[in-house]
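Here come two complexes built around chain A, the first alongside chain B, the second alongside chain C.
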Partner chain A sequence: MLTLFIQLKNSIMLGCQYSLIAIGFTLFFGMLNVVVFCHGGFYIFAAFAATALITAFRFSSSPFFLSIVTLLLLFTAMSITGALGVLVERTTIRPFRRSPSVIPILSTIGVGTIIEQLLKLFYPQGSNPQVFPEVIRYGKIVFGAFFLTRSEIIIIGITGIIFILMYFFINKTKIGLQVVAISQDWEAAGMMGINLDRMVSITFFLGAALAAVAGFMNGIYYTVFRYDMGSIAGIKGFSAAVVGGLGSVFGAVLGGFLMAFVETFSAAYIPGGSAIRDVFSFLVVLLFLIFRPSGILGERKAEKV
Partner chain B sequence: MKTKSSFVKTLGMEIALFTGIFLFLYGQIWLSALVIVIAVGGVFLLRKGTFLSQVSQTAEKNKTFFISFTVFLLLLFPFLFMNNIYIIHIITLSFIYAIAILGLNFQIGSLGIVNFSQGALFGLGAYTSALLATKLGLNFWITLPAGIIVAGIFGFILGLPSLKTKEYHLSLVTIAFAYVSYLLILNMKWTGGPDGIVGIPKPRLLGLSLARPLAIGSITIPGVMLYYFLVLLFLLIAIIIALRLHNSWVGLTWNAIRDDEIASRCYGINLTTYKLLCFIIGSMFAGASGVLYAHFAGFFSTESMAFSIGLLMVCMVILGGMDNIWGGLIGAILLVVIPEKFRAFQDFRLLFYGIILVVMLLFRPQGLFPNKTRKHSGIGE
Partner chain C sequence: MSLTTELPDSMLDIHYFFMEVHMKKGLAAFLVALLFLCFTASLFGGAQQEKVVKLAFIGPLTGPNAAQGMGARNAFELAVREANASGKLPYKIEVLYLDDASDPATGAAAATKAVSDPLVVAASGHWNSPVARATIPIFAEHGVPFMIWGAIGADITDKFGKMYPEITRNCPTLVSENKYLAEILTKERKYKTFYIIHDTSSYGVDCMNFFKAGVESFGGKVLGVDGINVGEKDFMPLLAKVKAANPDVLYYGGVVMEGALLRVQMVRAGLTDIVFAGISGLADEKFNEVAGAAAEGSLIITPGKPDALEGWPAFVKAYEDAKFSEPMGAYGKYSYDAANIIIDAIQKVGTEKAKLTPAIRNTNYTGLLGTYSFDETGQTNLVLMSFLVSQDGKWVTWETSDYAAGKRKLPR
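Up next, the complex of A and B:
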């Protein structure tokens, strides 16, 4: 029973990251019909950016539960990564808006490789695993044999707050409604006077910033990260978005948690499964793609010539 | 008179090309860099595309002569490097990759499907042949078809989801396939796991082992050079198959499906057959290339079939030009040979691939040698 709870907790931790990445994929796809394969690059870039900031300003972990400094750090990492997202969209996605879908797949994969390799080559000792500095002091809340550490509570809390904010952003704010309008009909939205390019930039800023949160969480939870963790995280996030239904934000959240459950539980309960846990999660994706390509919550679209 | 001048032009062009390649391969790093600078400068100064399209037009005019002379030079080529086996090694490697690229070009170029699993299929072919050769001690001429067939079967399996998914979803399928096959082989006992397979024997041809040098009179031909000729033979066969397919009804159908799937279905094209055919044939090319690679290197591990290899192969197709057989070949040769020559900058290799991919897409999305519009006067042509 206890192991079940612990596995459940682990998969929720992983699910928080996957769904944050998947939301980005789903937002970009809904708006531009492109899959941004360098999204994993944003994720790992944020981890590097946060580490560099902490080392540069010599932040120390505060005795408080969640200090202003930590939040400030998170916001700075989010803004830097968001700016990177906008830059990538301007340089390598905007020129291909009218190209066949092959071209943006390739260009974003190329950008992902470039981000990864730049981190590896130009960050000091970038090719080695990096240690994420301790920003949240260790502490735990015990419930009998089961316990939650302080960083776990913070991760769940931040993710929950982000989900609620996303809900209000999409349903209540003017910008959010404009984003939804564009994803429903690009041309009609443009005719209604929505500034399309500006909205695309805002979406990329937001998506990349959410990936940055995931990267930051990866740092504080696992404490060790490496330059090449971005691509696999990106592919997992994309799989989560596809399983949930590309274009649906709530679907992305569901898909992220589903992928994390499959991965954690196959590693825990299938003998010899921990080395090949990715195989099981990819099999789930393949099954979804074959039997329900539109995902859990996606709409089925009629094909047009 | 006009044909004669174009004949001379072709000859001059070809000699210039091979001299450039020779200087590039033979010289020190600075000379190689100079050759690249001249080549790139030439391409960009002469109004971007026009220079290269002139080159391919001139080659087109004297096709028979151009091809036969190229083959002749390729046969002669390794003899120039008798004292530097490493260079023959690199060229052989690039030719092996070129075979896989020809297969991938059907999928990316002709059918418009971005397939990232060509590296995995390459590895599956290589593993099949290497396991049969080392565990059962079978002959190369039995393991080669076995590797090709196994890769073809996996290509068929990979092609099945392509019937229901499109574009991004299909690319995700190929990415998932690449990761799954990589992880499974890495974690299985009988494939050698992370240690890979060592001691894959060199093939024997007409009772003559390609592992040992061959002495004819006073000349000794190193084993690598014999392998070069073997690979060249396979490459020529692959080019002929690829050209025949490209120029046939099948190639035309693939292009129709790429341009509009629904319209071509309405026209009566059986999408299932043609899509599966594309995957199977492309995978068989990858399998053949993998088998040749494994027996050439004598060692094969999952490192040689990682996701980045599939990505590299996609880069080769984009660099050379989609749906153009000659372009794909040139892309493969450039992306293998240039990084090998600048080995001092080994760490920058992947960065270089990424930059090439993005820069090509931004400034010359059709590749170095773009696909020409088909000229069809009728079905029979």
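Up next, the complex of A and C:
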């Protein structure tokens, strides 16, 4: 029973990261009908950016001050990554808006590879595993034999806050409603006077910034990262978005957690499962593609004429 | 130019024409003179000039195991510098450093580069056995003697060393390391129950098999075995399973990156009362750096027993004096000895590859770590190993540690 609870916690921790990446995929797809394959690149770029920033600017040891500085640096890393997202959209997606949809797939795969390789080449010792600076000191809350560490609580907390903020952003703010309008009907939204290009830029800023949060959390949680970890994170996030229903933010969250549950529980309860956990999680993706290609919450697409 | 004002256009052209011819003549004369100079220099000076012989060094200079590769590279460089400075050879030895990035394909490309350089007479390399398996046939086919200083997969000598006389290995295999670790843990430390996690590479699977066999032969009990993939980072589900099994020791058969991640997550998952152990795949200060405070009390086996050796302090000092920017790592001493075994053979039989191959195989060379000879599979007969514990972020020989002195205690 205890092990079951621990495994539930483990899958929630993994799910937090998958969902944050999946939201980006789903936002981009909802708006432009393109799959942005360099999203994992944003994620790993943010881990490097955050590490560099924290190492350079952390000068106080007082815990209160430290957490404020860390939070500020997290926002800085998010903004830089967001700006990278906007830049990538401008240079490799916007020019192909009227091209066949295979073109942006190729161009974003290219950008993703470029981001990874540049990090590997130009970050000091970029090809080696990087140690994420210790920003949260070890501590835990104990409930009998079950416990939560401080970093786990913070990760769950931040993810929860982001989910709530996303909900309000999409449903209550003017920009959010414009984003939804565009993803429902691009042309109609344009005719209603929505500045399409500006909204696309905002969406890319937001999506990349969320990937940055995921990269930051990966650093806090696992403490180690490497330049090539972006692509697999990107594939997992994309799969989560597909399982949840591309275009639906809430679906991306659900998909992220579903993927994490399948992975965790196949590693824990299937003999020899830890070596082939990805097989099980991608089997789930395949099953969805076959039996419910629109995903958990995706609208069933009627043939548009 | 005053000329332009004095001469009409047609004259100017002619003037330029002659100037050009004149210049071309000058240039030609100069080139001829230079050529002549070179020729005479090669005639007279060349005789005294040193002959250059190249060795190839190949290892993971970048990538996840770069720390291991750079340490070995530096030690190799040190041996070559010493040999060149000693003047005992009629050649100047140069080293062709090649990066395998721990990747078989990159390694194979590097090996091809090494064998196609006519000056390369012998090579030494590899920390990763899968890379060694990819390059061994290339070196052997071209008749280049190839000594392995750090890839410890059993089949490298069992299979390839038997097939190709060019292949030798001067470090112990993972078979000896795992057996030694199993013996210490069961007999000296009196641990009874073990859980084995291994990566699914051939290295990890070999480690699992030999450690399991070792533990069982010494009367220990293996409670469970699980594989993980290289490049994975989330081991929390697996560790919860290990926690429920409650073994004395969690053994990891794999290398630094996943090993350190596993160690950090052991603490996070509350497995603080279980001992963590592994073999030389983890023997890198990078493990301590990456795992941070969690590394404390981890146990490993490394090849060699340098502390007991006479020549060791001098070697450490020479390495420090050489001002390399990376520490020598667990296999630096082996690549140093590998370089010296090769150089010794060159000194004895010259630079012909066909003669070097048997000379290296039949060596009886006393190096830093002891006297090397090779058996019929090319495996060294010199087997020395140390038992280390992580203490304050460093690997420390067990005998000199606070743990052996009783000042600190392992979890069990």
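Operating definition for what follows: the second predicted complex is superposed on the first by the 294 of 305 C-alpha atoms of A that agree within 3 Å, B and C clash if a C-alpha of one lies under 4 Å from a C-alpha of the other, contacts with A are read in each partner's own complex, and residues count from 1 in each chain.
Operating definition for what follows: contacts are C-beta pairs under 8 Å (C-beta built on N, C-alpha and C of every residue); 3 or more make two chains touch, one makes a residue touch a chain.
Just so you know, these numbers come straight off a predicted model, no measurement behind them.
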{"item": "Which of chain B and chain C A:289 touches, first, second, both or neither", "value": "first"}
{"item": "Partner contacting more residues of chain A (chain B vs chain C)", "value": "B"}
{"item": "Partner chain(s) touched by A:14 [first = chain B, second = chain C, both, neither]", "value": "second"}
{"item": "Touched partner set for A:226, first chain B, second chain C, both or neither", "value": "second"}
{"item": "First, second, both or neither for A:279, with chain B first and chain C second", "value": "first"}
{"item": "First, second, both or neither for A:110, with chain B first and chain C second", "value": "first"}
{"item": "Contacts of A:149 with chain B and chain C, given as first, second, both or neither", "value": "second"}
{"item": "Which of chain B and chain C A:101 touches, first, second, both or neither", "value": "first"}
{"item": "Contacts of A:35 with chain B and chain C, given as first, second, both or neither", "value": "first"}
{"item": "Touched partner set for A:79, first chain B, second chain C, both or neither", "value": "neither"}
{"item": "Overlap of chain C and chain B interfaces on chain A (superposed complexes)", "value": "127, 232, 272, 275, 278"}
{"item": "Of all residues in chain B, those that touch chain A in their complex", "value": "108, 112, 114, 160-161, 164-165, 167-169, 171-173, 175-176, 179-180, 183-184, 186-187, 260, 262-263, 307, 311, 314-315, 318, 347-348, 350-351, 353-358, 361-362, 365"}
{"item": "Touching residues (chain side chain A, partner chain C) in the complex", "value": "2-3, 6-7, 10-11, 13-14, 125, 127-129, 131, 134, 138, 147, 149, 152, 218, 222-226, 228-229, 232, 263-265, 267-268, 272, 274-275, 277-278"}
{"item": "Of all residues in chain A, those that touch chain B in their complex", "value": "29, 35, 92, 95-96, 99-103, 105-107, 109-114, 116-118, 120-121, 127, 231-232, 235, 238-239, 242, 246, 272, 275-276, 278-279, 282-283, 285-286, 289-290, 293, 303-305"}
{"item": "Complex interface listing, chain C residues touching chain A", "value": "62-64, 66-67, 101, 197, 200, 226-229, 231, 233-238, 240-241, 243-244, 256-257, 260-261, 264-265, 267-270, 286, 289-290, 292-293"}
